[in-house]
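What follows is a pair of complexes built around chain A, which joins chain B in one and chain C in the other.
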Partner chain A sequence: MSPTLLVLLTIFAPFVAFGISLVFLMRRPVLAQGVALAGGAVSVLAALLLLAGGPAEPVRHLWFASGNFQLQFGFVFDGLSLAFGAVVAVIAFCIQVYSIGYMHHDPGRTRYFAMLGLFGWSMLGFVYSVDLLQAFIFWELVGLASFFLIGFWYEKPEAIAAAKKAFIMTRVGDVGLFIGVLMILNLTGISDIPALLDAETGLLAHVSGGTLALIMMLLFMGIAGKSAQFPLHTWLPDAMEGPTPVSALLHSATMVAAGVFLFARLHPLFLASEVVVVTVLAVALFTAILSSTIALVERDIKRVLAYSSIGQLGFMLAALAAGSLFAGVLHLILHAVFKALLFLCAGSYIHRFETNDMEEIGRLGARRMRWTTAGLLAGGGALAGIPPLAGFFSKEEVLAAISYAGYTAFWLVALLAAFLTAYYTFRMIFLVTLPARMEQGAKDAAGDSPWVMLVPMAVLTAGAVLGGLMMGPLGGLLGLEVPSHSLISMLPALGAVAVGVGLAWWDFGRARAPRRGFVEALGPLHTLFVNKWYVDDFYRATFGRAVHAVSRLLQKTEEKGLDGGFDNAAISTSRLGGLIARLQNGWVQSYIASVILIVALAGFYLGIR
Partner chain B sequence: MNLTFFLLLSLLLFSAGLIAVMSRRNLVTVLVGIELMLNAASVNFMAFNFFVAPDPVVGQIIVLLIIGLAAAEVAVFLAILMVLYRARHEVDAEDIRELRG
Partner chain C sequence: MPLLTLIIAIPAVLGLVACLLLPQRLVKYGALAIVLLDLALVIFAAGRFDWSGDYQREVAAFEHTVPSHFQMREYVPWIEPFRISWTVGVDHLSMLMILLTAAIGVFAVLCSWSSIKKREKEFYFFLLVLQTGIMGTFLAIDMFLFYIFWELMLIPLYFLIGIWGSKNRIFATMKFVLYTLAGSVLMLVALIWMYYTNGYYENGVFQQVKTYSFEVMAHTQGEAGPLGSFRGAIWPFLALFVAFAVKIPLFPLHTWLPDAHTEAPTAGSVILAGVLLKTGGYGIIRFCLPLFPDVAFALAPVCTWLAIIAIIYGAMTAIVQTDVKRLVAYSSVSHMGFVVLGIFSFNAQAMSGAILTMINHGISTSGLFLAVGMLYERTHTREMSNFGGLSRNLPIFAALTMVMVLSSAGLPGLNGFIGEFNVLLGSMSNVPIMIQAHENPAGFAAAMGMVEYTWFIAALAATGVILGAVYLLIMYQRTFFGKLDEARNGSLRDLVPREWGQLAVLSVAAVWIGLFPRPVLNAIQPATERALQSVAIGTPLAQWDEESVTTVDVQVEWADASGVSKKP
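For the complex of A and B:
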């Protein structure tokens, strides 16, 4: 089959499932599930066939032309799209299967599966987009779909608030992105991505220096919003209000990955401006530190994972900004696998114990759920960077990329972030699997989640364990050489991870552990971390208050000025009527008297004239 | 017998009618007062017609018109009075105030 047909199948199968379920199957959730799964399966098969076919020339179809400007929709088939598209399709399918078990009590399942389809369609459409404007459209659709899914339980006020927050925060970034895209269009007239990347005729041939830096910074605003980088990161932890499989999808292959993917897509353009590179590195690594420190003190298992996602996204962006496309994309893909796995494990616990608190999950006997716990160990180990799990290789590449680019200070910060990541990941693992004591009867509660939930977790566990084998093929797909590192250059990173794991063991794991993190001894810093660096409070005190003040002002204007004005006009008309009505006293003779009086006065007036 | 005499007579009639209309509460008396005022106007027209402008006879025509009008007015007025009386068993002008605003 031709790549065009395959890519159409990949992208539109979930969309067709979405349309059919939403229009015809609102009352038949089981059938809707089947349709969604069929769509997902077609999408996975087509994406894998595309990947097997290898890179090909992009295809373009003219959508419309206006004057000199031509808008073309089409698909790119380079290594980046093929590899990531396959990852998106596979993970989305795994999560659909898992959702059958996780959501089987929910009355709104049709809507849920339909929205998963919409999510898959928009993300896949984004990944294969050939045109910047086409990519932007799908980029916004990704945001829309995640809005629907975060707010899926719309009867919960927190879910609504979280959905709105996610939508608005990413919109702030998207304003920047859109201005950037429009500037590119205005300055070059090109919106085709491969053409823009061309060194001789692309963007770099048209603009340079300050303008280029400005455009790239605007684009980075959108990326920071989507990929939850400081200062637009606060929506991601709140997005935990959605169903757990949605978090798994949101945090791994879709939504947050879109930002990093756009950065990778336009990689050479970002690298062309030194200012942008340094800013991105600083922002990304600061975000990594900030989110890791918050994760140190968080008790909610999903929130720990959410903050770890923010940190890992920071790692990816830092690696890309340091110049290594390979390290960034590798970490993007492997992180997608093991983070989806971790969320599915967390969902498995939450589904069983109906609590998000890690200590409580541990106390209720999480360890007895052997398969889930095995997944948690594999995913957590990969996240922390334990060799030979997937995360070890990609994190190694990221750190090496930053180090080779010569940013020693940034490298040290990244090492610190890696240490913190290892620490809080193992804090989570120890809290869940080695509780101080287990509830009575926890033993009887042995048993695990149903197999529809375990099979996707097993697939992802395999990915998290064996992900390192992907390095060679991925390098081939991207057309890049896989860097090789000596053992000595890996030592600092391995040391940081080992120290993190060891400290976590000392604090939480060993038999007589204090079960209090070392940060709790740090006083003011601990308060800072618990309060999430006061970023949310800052937004509430400034932007929130400003918006409220303006809206109050507008409300008063409306009430007093417009509405009140009309009210007053009506009230005074009615009062005037009341006054005049008093003349009509109903007494005939008074009417006659006034007639006579007026006639007499008129006659008198005429007489004296 | 000159114009002034008739004008004074007309003034007298009109005043008597006006007093009847304004001061009496019985609507029948009010009707009588209105008739007096109309007749005062007729006397005025006839006097001017006789002493000031005998030709053409516009004054007489208007007087005939007034008489016809008065007859019609009396018919309507009495009909209303009859209905009122049937409904309320009284014809007191001060008590009939249904049209107060």
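For the complex of A and C:
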């Protein structure tokens, strides 16, 4: 089959499922599930066939023209799209299967599965986009789909607030992105991504220096919003209010991944500006530290994972900014696998114990859910970077990329973040699997989740364990050489991870562990972390309040100032109102008379002015 | 067959007949038949219309013979001493507008179906007269005729709000009438002024060309005549502009709109938002730009700023509204700001975007008002605090309203985005601002805060897009999400086919334009070209950097020379 047909199948199968469910199957959730699964399966199959076919030339089709400007719509089939598209399709399918178990009691299942389809469609559409503006459209649709899914339980006030926050906050970034895209169009007249990347005739041939830096910073604004980087990161932890499989999707292969993917897509353009590279490195690594420190003190298992996502996204962006496309994309893909796994494990616990609190999950006997716990160990190990799990390889590449590019200070910060990651990940693992005491009867209550939930987890577990094997093929797809590292150069990273795991063992794991993190001794710093560095409070106190204050001020101006003069005129003329009311008797003659009267009065009013 | 005259006359004439002959309970069927007939005629006209943009004929207007691009033109001398005639014609711009008008007219009748219970005859009569007024406004070429139709729109709306409106209706109508009359009086003065000062100098002797015909005036107005000079043109321009700005409504002349919208019956709001506001934008594109290009060009920075203020101001004010209808009204102020911004950027993208935004706004805001009307019919309140959790009982309603909300918020993939995108992209190469900043960096433009980089104009306008998401989502969330607090809202019934049919048609239009904007943009293209050709800036500045400065200079000369080539 031709790549075009396959890509259309990949992208639109979920969309067709979405449409069918929403229009016809509102009252038949079981059928809607089936349709969603069928759509997902077709999508996976087509994406894998596309991947097997290897890179091909992009296809394009004219979408619209206005003025002298033409916009195309099409698909790109390079290694990046093919690899990541397949990952998106597979993970989305796994999560759909898992959701059958997780959501089996929910009355709104049709809507849920329809929205998953919308989500898959928009993300896949984004990944294969050939045109910057087309990519932007799908990018926004990804945001819309997550808005619906985060706010899926729309009767829960927190869920709605979180959905709104996610949509608006990412939109703040998107405006930056949009202006950046507009500037590119304005300056070059090109919106075709391969054409923009062309060194001879692309963006770099048209702009340089300050303008280029400005454009790329604006684009990065959108990426920071989507990929939850400081200062636009606070929507992501709140997004935990959605159903857990949604979090799994949101945090792995869709939504947050879109930002990093866009960075990878336009990689050469970002690298062309030194200012942007340093800014991105600084922002990404600062975000990694910030989110990791908050994760140290979180008790909610989903929130720990959410903060870890923010940190890992920072890692990916740092690697890309340091110049290594391979490291960034590898970490993007492997993180997608093990983070989806971790969320599904968390969901498995939450589904069973109906609590998000890690200590309570542990106390209620999480350890007895053997399969889930195995998944948690594999995923957690991968996240922490334990060899030979997937995360070890990608994190190694990331650190090596930063070090290789010569940013020693940034490299040290990244090591610190790696240490913190290992620490909080194992804190989570120890809290859940080695509780101080287990509830009476926990043993009897044991028993794992149903197989529809376990099978997808098993697939992802395999990915988290064996992910390192895909380094070679991915390098081939991207047309890049897989860098090789000596054991010595790996030692610092391994050391950081080992210290992190060891400290977590000391604090939470061993038999007489204090079960309190070392951070609790840090006083003010601990307070800072518990309060999430006060970022949310700051926003509430400044922007939240300012917008409302200004809005109210304008409203006042509207009532008193601008409108006042005319209102007075209208009110005084309304003295006539009583008369007019009496004139409204249905007789056309008196209507006409009143019109004439009003016209005369108004004319008089204007005349004497 | 005088097709255009039929399109104009049918609603009012048949409306009168129907109201006289039909019994009260059948009037609405009659009204529906009439608006459908009008729609059919408009579609028939659209079918006969030459969409290529090459149409040109020599036409007569009293003693003059001039080339004209208006199609299906009908010319009947009327008040000969003052050279007033019944001249109607249609070009791309007005064709699109009358299509919109005829379509919205059908919705206006359908949404009144069950909500209007008193004095149905008069109601539908006024509704149909209003449609006649709007059609005439869009089709008149004789400017005096335009003025008459402009006034004719006012009267039925006055009654629609004043009789069938809600609690505060008398006050709202009064404000509305005062505002718009102030504008129309200015327009009348400007028209008479133009009638007497139009002409040109030949060998130092002033040759007066008295006319109300737009075609003749556009043709004779040369650099040498009083109207061609900046000082002679600025007052009529301002007078016309204010009249149009009131209708758009442009900040700070917008304050009648929230009151009028809030108090109007649903049909009134739908027509007001869907079509009536567009007469303002239409007037600017039709009259202000071609007749006074230099003034329009010189005042573009001011208009740009007013538009930006309107975009942000309207959106910010919408955020704090608690009345759903008022919120949508303020969102109109914001959206119509995009139209003005697009018009005064003087390049093809922005102009196309402005015209498309007018159409889009007609679709999405009419849809929102329809939705609010359906809600009001069920609950008899518009306060957001009285709603919440409605999507449980009204899923169809919630879903269709969502499409309208997203379309209005400019979500990519829906119609609103295409329009706003074009406006924003075009406003980045805002020609007048660039040229004025370039000619006189320390002077007027610089004092207005303009620099060579116009991207921040687009940036400011783009904040309107974020704020749009904020207020619309707040509204949607408070209405449809959350717990079903109010017990009486628990028994609300979902939409009947007549209701969801309306929203579904608008949703399909929104998605269609959003995904396949090519046909619409192609239809708009000639209108855009004509509007820009008249200000002699046909091509947009693709770039603005050091090398393109020379290009800009050339374009300035071209703009100055615009009158020379237009001598009769």
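One rule holds for everything that comes next: the second predicted complex is superposed on the first by the 550 of 609 C-alpha atoms of A that agree within 3 Å, B and C clash if a C-alpha of one lies under 4 Å from a C-alpha of the other, contacts with A are read in each partner's own complex, and residues count from 1 in each chain.
Operating definition for what follows: contacts are C-beta pairs under 8 Å (C-beta built on N, C-alpha and C of every residue); 3 or more make two chains touch, one makes a residue touch a chain.
Note that the coordinates shown come from a computational prediction; the quantities given were computed from them, not determined experimentally.
Novice: After the superposition on A, what does A:27 contact: first (chain B), second (chain C), both or neither?
Specialist: After superposition on chain A, A:27 lies in contact with neither partner.
Novice: By residue count, is chain A touched more by chain B or by chain C?
Specialist: The partner with more contacted residues on chain A is C.
Novice: Does the superposition put A:437 against chain B (first), chain C (second), both, or neither?
Specialist: After superposing on A, A:437 lies clear of both chain B and chain C.
Novice: A:172 in the overlay: touching chain B, chain C, both, or neither? Say first, second, both or neither.
Specialist: second
Novice: Applying the touch criterion given at the start, work out whether A:512 contacts chain B, chain C, both or neither, answering first, second, both or neither.
Specialist: neither
Novice: Show me the chain A residues, by the header's touch rule, that chain B contacts in one structure and chain C contacts in the other.
Specialist: Comparing the two interfaces on chain A, one with chain B and one with chain C, the shared residues are 580-581, 584, 586.
Novice: Note which residues of chain C are touching chain A in the complex, please.
Specialist: Within the complex, chain C touches chain A at residues 119, 122, 155, 158-159, 162-163, 170-171, 174-175, 177-179, 181-182, 185, 252, 255-256, 313, 316-317, 319-321, 347-349, 352-353, 389, 391-392, 395, 399, 406, 411-413, 417-418, 421-422, 424-426, 428-429, 455, 458-459, 462-463, 465-466, 469-470, 473-474, 477, 480-484, 516-518, 521-522, 524-525, 528, 539-540, 542-545.
Novice: Quick one: in the complex, what on chain A touches chain C?
Specialist: So the residues of chain A in touch with chain C come to 22, 26, 62-69, 133, 136-141, 144, 151, 154-155, 157, 160, 164, 167-168, 171-172, 175, 178-179, 182-183, 185-187, 189, 547-548, 550-552, 554-555, 558, 562-563, 566-567, 569-571, 573-574, 576-577, 580-581, 584, 586, 591, 595, 598-599, 602-603, 605-606.
Novice: Residue numbers of chain A touching chain B in their complex, please.
Specialist: 580-589, 592-593, 596
Novice: Considering only the defined contacts, which chain B positions touch chain A in the complex?
Specialist: 18, 21-22, 30, 93-94, 96-101
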